[in-house]
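Order of writing sets the labels: A, B, C and D. Residues in every chain begin at 1.
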Amino acid sequence: MATDLTSPLSATAETNVAITLTPPVARRSRPYVRHWRLMLAATVLVLIVLSAIFAPWLAPVDPDAMDLAAALQAPSHLHWFGTDPLGRDVLSRTLFGARMSLFIAFCAVFLAGVAGAAIGILSAYFGGWIDGMVMRAADIQYALPPVILAMVLIGIIGPNTSNVIIVITLTNWARFARVLRAEALSLSQRDFVLLARLAGASPWRIALRHLLPGVRDTFLVLLTLDIGLIIILESALSFLGLGVQPPTPSWGSMISDGRAYLENAWWISVMPGLMLMLTVLAANQLGDAFRELRYSAREVE
Amino acid sequence: MLMYMLKRIASALLTLLAMSALIFVMVRLVGDPAHLLMPPEATDADRALFRQQLGLSDPMPIQYARFLAGLVKGDFGNSFHFGVPALSIVLVRLGPSLTLTLAAMAAALLVGVPLGIASAVWKGRLVEHVMKCFSVAGQAAPPFFFALLMIRFFSVKLGWLPTSGYGGWRHLLLPVLALGWYSAAGLARLTQANLLKVLGSEYILVARLKGVPERHVVLGHALKNALLPIVTFAASQFGILIGGAVSIEAVFAWPGFGSMMVESINQLDFTVVQAAVIVSTLLFILINLAVDVLYAWLDPRIRYGH
Amino acid sequence: MRNLASFRFATLALTSALLLATGLARATPQTPAVDRDTLVVGVEKEFQNLDGLVTISGDSLRYGWQIYDTLYGFDLNGNLVPRLATQVKISSDAKTYTYTLRQGVKFQNGAAFTSKDVKASLDHILDPTAKSTRRPFFAPIVDTVETPDPYTVIFKLKSPDGAFPNKIAGYLYIIPADYLASLPNADAFAQAPISLGPYRVKKYTPGGNELVLERFDGFWGPKPKIKTLIFKAITEPSSRVNAILRGEVDVSAVLPSSAYEQLKKEPGLDVIAVPVAAPLYIRIYTNDPASPLSKREVRQALSYALDTQAIIKGVLHGVGEPLGTFISKYYPYGGDPALRPYPYDPKKARQLLASAGYPNGFETTLNVQGDLPKELSEAVVAYWAQVGVKVKLNLLSYSAFQRLNNTHASGPLALSQFTNALYDPIHPVGGAFAKGGSWSDYENPEVEALLTQLSSATGAHARGPLFQKIGQILHDDAAGIFLSENFYIYAKKKDVLWDAQKGSGFFNFRTVSWR
Amino acid sequence: MSTSQAVLRVDNLVAEIATPRGLLRVVDGVSFSVDAGRTLGIVGESGSGKSMTCLSLLNLLPAHARIAAGAVWFGGEDLTKKSPRAMRQLRGRRIGMIVQDPMNSLNPLYRIGTQIGEVFKYHHRVFSSRERWRRALAVMERVRIPAAASRIGNYPHQFSGGMRQRIAAAINIACQPELLIADEPTTALDVTIRLQILQLLRDIQSERNTALMLITHDLPLVARFCDEVAVMYAGRIVEQGPVEQVFGAPAHPYTRGLVDAMPRISRRSSRLVTIPGQPPAAGEYDIGCRFAPRCVHATDLCRSRYPELTAFADGTRQVACWYPRQESV
């Protein structure tokens, strides 16, 4: 019986539907990514965060306890990380420093992230002069180096911890705004957003219900990658005396203060430096693994 | 294409104007130079006279108008501190800063991009290993920390290189290493990610189907497409390096932009701060326009539009 | 376990670099950084305005002594010696000062030096458009300046001022009248300063970080042996240390005390700790009756609570000396070496606090001048915490601190040092502890009485004992917390023959030479 | 299958891909051949290994995959033994392949003249770019791209989907390959353009007696366009033979299901006939016939032993089923 193909149009179109009968059920295909890398990075980061939270109990001695007689001692069984010029225990200060550095990093990253994301998504969705204004503001933030903006701001509002967080937020939101604006722009062209708009959803509803979840993955990747950068920015601020005010230690201020003793007491700077490197390593691995897991390697910067 | 560029230039000028207003107001909030540059024994009359001479006693809008008028003519007023035109101080420092930044950027590109390409092509092999360590180490500690280690090692202990100062290539090597490493780390990771994405695309398969040698597929077809985001990233790094390398300039006693801005903010030398910020913004805008042109040249879709 | 391997690789690389770095040692090159006719000096601050009469003393005066010259000057120990003037006659009421000028002296631009230049220099200070920071020292007291003949200058004061000769020596740099008149505005002088000092400015671009001076062969006094002086601004302390370790500079100034031990061990270097008579002290705002600091017992308690010996040894690495009172013993007169600081006695400190009504201490704030060693303020805070005094620490940049200090806003406690510019204690005492002093929030009738006597006393014999009495009062009243004498650490190559100016932070390279 | 002028003969080809769950056989013992001037259609649902088979032929498997066994005879040589360099010289010159998605199959940053001419550079050592440009123009006209002379300098984004597929075809016929593989060449195109592309492929074939392999899931297209057809299911060929016989009287129940599922205007039935269940994912094949779970006639034998591909009826057809049935539609 000759196959009856009177009209290619109808036959082919319908056949396609018929043949691919299987509903596109996501088969249980394990994504080909090494899970342990994500696990390892996550555990290292959790360990560091826990050591920061439980610093008061973990620290062998009070971080501010001064003992001038025991100044500049090399790492020993008594002081695992050695002592600083005032005889304070570097290990205790590193643990409390972790508390301060991570606190600043997480707050600043979160604030910058949320602010940047909100600005990015809204400007992508509304477009027009709002978008223009936001992009100009982002240009300004990019054009002015973070340290200089920080100096002027701290000159105005003074150098305490909350101001350091505000300053870092104000100098880091633009990256989030730009990347997420691009994501939101491409998403808003997609059908499901058009459909939502047709269904009469309010702009806020669309932004929150549809655009936000869509950019969530990029947002999380940016968060993880930024943690290291922000701790280093805090260290640069400490170098200029604008970072965390003494005597509370932060990794950044410890690395910066220890630089005068690199010759005879290298452990003052190197120990917090190693902890910082470990944190950044874990955060970056988390970001990479997360990125490979969740979506194609889009351009992140 | 021309329309595209005109629109970009217009928005750039808007950015410049907004920046001028922002820095003009913010720097005046930091403090009153009369209290710094005049001795404490000076009477209020002396200080009033001082402000009047520097034009700080007029109401803000008038000062800003005068500032803009000067801006157009390239006259940023005289430095409160040095008494010379603020622009001259900025230009003295611009040379060393540009040398350092361009060299650091070049080093970052020359090291970061090839490392990124290699770790994309030989994914999973030793080279990706090295790249991961290189990039993590590069972004895991503040640049001044590495700088001091390197000075101790290469200059003080081995005596190969000068410890600080602005001079020939021997003076440039360590600062570029310290600064460049940080950007190279970012570039390497970005290049690898983008190149992997591009290598997975359809036209790369077609190139291979055409029998194009793998070398040409990667360096010819794939790299050009992967370059676009890298160029943007490099431009953003450039902006940060110009003014942000403060700690490196301090450690290497390099008369750069960053340390001058820090100094003039500390001294409340408003005119120098304003001149520095405007010049660095102009540079930033020029770099971005250059990136746009490069983009348009690289990507015909922008040149001819859809 | 690819990831762990990459981490191991990174730490291995870092630690091996570090170990290698500490292991090797290289001797400091002995040869001059440039040549035997040049001296390269690493300094810790960027260069400011070179008009010695305008910019604040902390900056330009430090290079000023090479470029400028004054009627009278200070020898290495700070005693007044005749320079451009051969002698001075002071009237009995200390209100008229007659200087006889040296003849045949030439300016760096060849112009002859006469009395009209002295008058022009003072007028430049008094001229408001020059925005001179010396104006307040002369404007209120100088009545007239007469120049009866080219080589005589008579200063008539409105009121007696025993320290006037020191002010003339410390502040009145002589600049050429005709050259000044030829300049478009007062600012222009700073680009090309001309005076009578042994060196003139050869190369300096405002905003740059290098200042080159060359010998002025027409100098009236003993010719300096070095032809070219190069000042390099290296703001980062560890870089200044590295610069001298590598021999890139011949002399490195104001080095961190943390490097003192390391530098002393260097065979090729001489390390000199120069007393600068600028006491490291904590100024107390005592004039607020509500604040605990207005009570003497509280101030004494704070002094007892500090172990200044341990601080000097531990924090300043031994580069410091006990400071009994505010007047440094390195002033030519007025200092009192016998005056000992309060002993370390935390128990007595707690008793005094309890008797003053603060059994469990109180809270206060300490503002710190940023360029002082950070550990110093942290040590003070730690010691006071042990007696229950909780202190919030504000580390401010040098200029941020000056802005607060100059406007009586650096209270209730301010840690800083007081630069000596006149070699006469009137400048620090009048400034920080006299009624109405620019940086004073302290008032003591006994001190005021002594100060009025001082205004008409001239000469070391008359002024010395009065200042010692003031010193004793300030110690007994614990008017300030006196931490240590301040020392600037210099490192120089062994072949550089140079002895630094005592009792001041100024650079005096007039007599430097290569061996 | 007549083997006299077989341009390509694939003999029991097996391709495996390494995954966290071990090695998966995505192509599990496939054999077929294509004669010069003839067109073989390969049909199957997505995930049946069609594309993997093509990529295996050209040694372009993804990083974690490799050819585990079998031979690919082409021009007297077994391609699986050839070195990557040798394979590279073969691709584009003697074997061409057109990919599915025209929108992304051309490099967006190069002019089409360059992309077409590139083939001459590597295969015909034509180093003068002007000469390559001239030859590219000739090939563009050959595939009937309108105003080729003025459009040769344009960029891919300035062409429609259909035009880009013509350019892809041009690239592939530039060096007159003996075998041309088309992997779903028309799926992404709308119908009117689709027929033009197929017509173009047919002209190319008739002009140079090129062997053509058409990979698709579009049965009516195969029925109308191909000479022989091979039906693939779960990495294996379950039925193979001349189109008229396979579609006219499908022997394998799966083929039968596919043919029944083709709607007919004449049949006007409201409900579409469907095949229950879904093809197994690679790696979850059980021992017996892989279609057994969905086959109405499946018996214990089907579920226990895999039916090899065996000759059927007059020998021109092969089927892999224990109970092949001969019933006309």
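Everything that follows uses one rule, which is that a contact is a pair of C-beta atoms (placed from the backbone, for glycine too) under 8 Å apart; a residue touches a chain by one contact, two chains touch by 3 or more.
What you see is a predicted model, and the numbers here were worked out from it, not measured in a lab.
Trainee: Give me the fewest steps it takes to get from chain A to chain B if each step has to go to a chain it touches.
Mentor: The least step count works out to 1.
Trainee: Report the chain closest to the protein's overall CA mean, measuring from each chain's own CA mean.
Mentor: If we average C-alpha coordinates per chain, B lands closest to the whole-structure average.
Trainee: Centre-to-centre on C-alpha atoms, which chain is most distant from chain C?
Mentor: D
Trainee: What is the distance, in whole Å, between the centres of chain B and chain D, each centre taken as the mean of its C-alpha atoms?
Mentor: Centre-to-centre distance between chain B and chain D: 53 Å.
Trainee: Between chain C and chain D, what is the gap in Å from one C-alpha centre to the other?
Mentor: 88
Trainee: Where the CA atoms of chain A average out and where those of chain C average out, how many Å apart are those spots?
Mentor: Each chain reduced to its C-alpha mean, chain A and chain C end up 46 Å apart.
Trainee: Could you grab the centroid distance between chain B and chain C? Build each centroid from C-alpha atoms only and quote it in angstrom.
Mentor: One centre to the other, that is 37 Å.
Trainee: For chain D, jot down the residues that touch at least 2 other chains.
Mentor: In chain D, no residue touches at least two other chains, as defined above.
Trainee: Where does chain C touch two or more other chains at once, residue-wise?
Mentor: In chain C, residues 2, 7, 10, 14, 18, 238, 397, 400 touch at least two other chains, as defined above.
Trainee: Can you list every residue of chain B that touches 2 or more other chains, as numbers and ranges?
Mentor: 31, 136-137, 140, 148-149, 152, 250, 266
Trainee: Considering only the defined contacts, which chain D positions touch chain B in the complex?
Mentor: Touching chain B: residues 58, 60, 63, 88-93, 96-97, 99, 101, 104-110, 118-119, 122-123, 155, 157-158, 168, 171-172 of chain D.
Trainee: Which bits of chain A are touching chain B when the two form their complex?
Mentor: Interface residues on chain A, with respect to chain B: 132, 135-137, 139-140, 142-148, 151-153, 155-156, 228-229, 232, 235-236, 239-240, 252, 255-256, 259, 262-263, 269, 273, 276-277, 280-281, 284, 288, 291, 296-301.
Trainee: Can you check the complex and tell me which residues of chain B touch chain C?
Mentor: Residue list for chain B touching chain C: 31-32, 35-43, 46, 49-50, 53, 78-79, 81-84, 88-90, 92-93, 124, 129-130, 132-133, 136-137, 140, 148-149, 151-153, 155-159, 162-166, 250-253, 255, 259-260, 263, 266-268, 272.
Trainee: Contact residues on chain A for chain C in the complex?
Mentor: 34, 36-37, 40-41, 64-66, 68-69, 71, 84-87, 155, 158-159, 240-241, 245-247, 257, 259-264, 266, 270, 274, 277-278, 281, 285
Trainee: Contact residues on chain B for chain D in the complex?
Mentor: Going by the criterion above, the answer is residues 123, 201-203, 205-214, 221, 224-225, 298-301, 304, 306.
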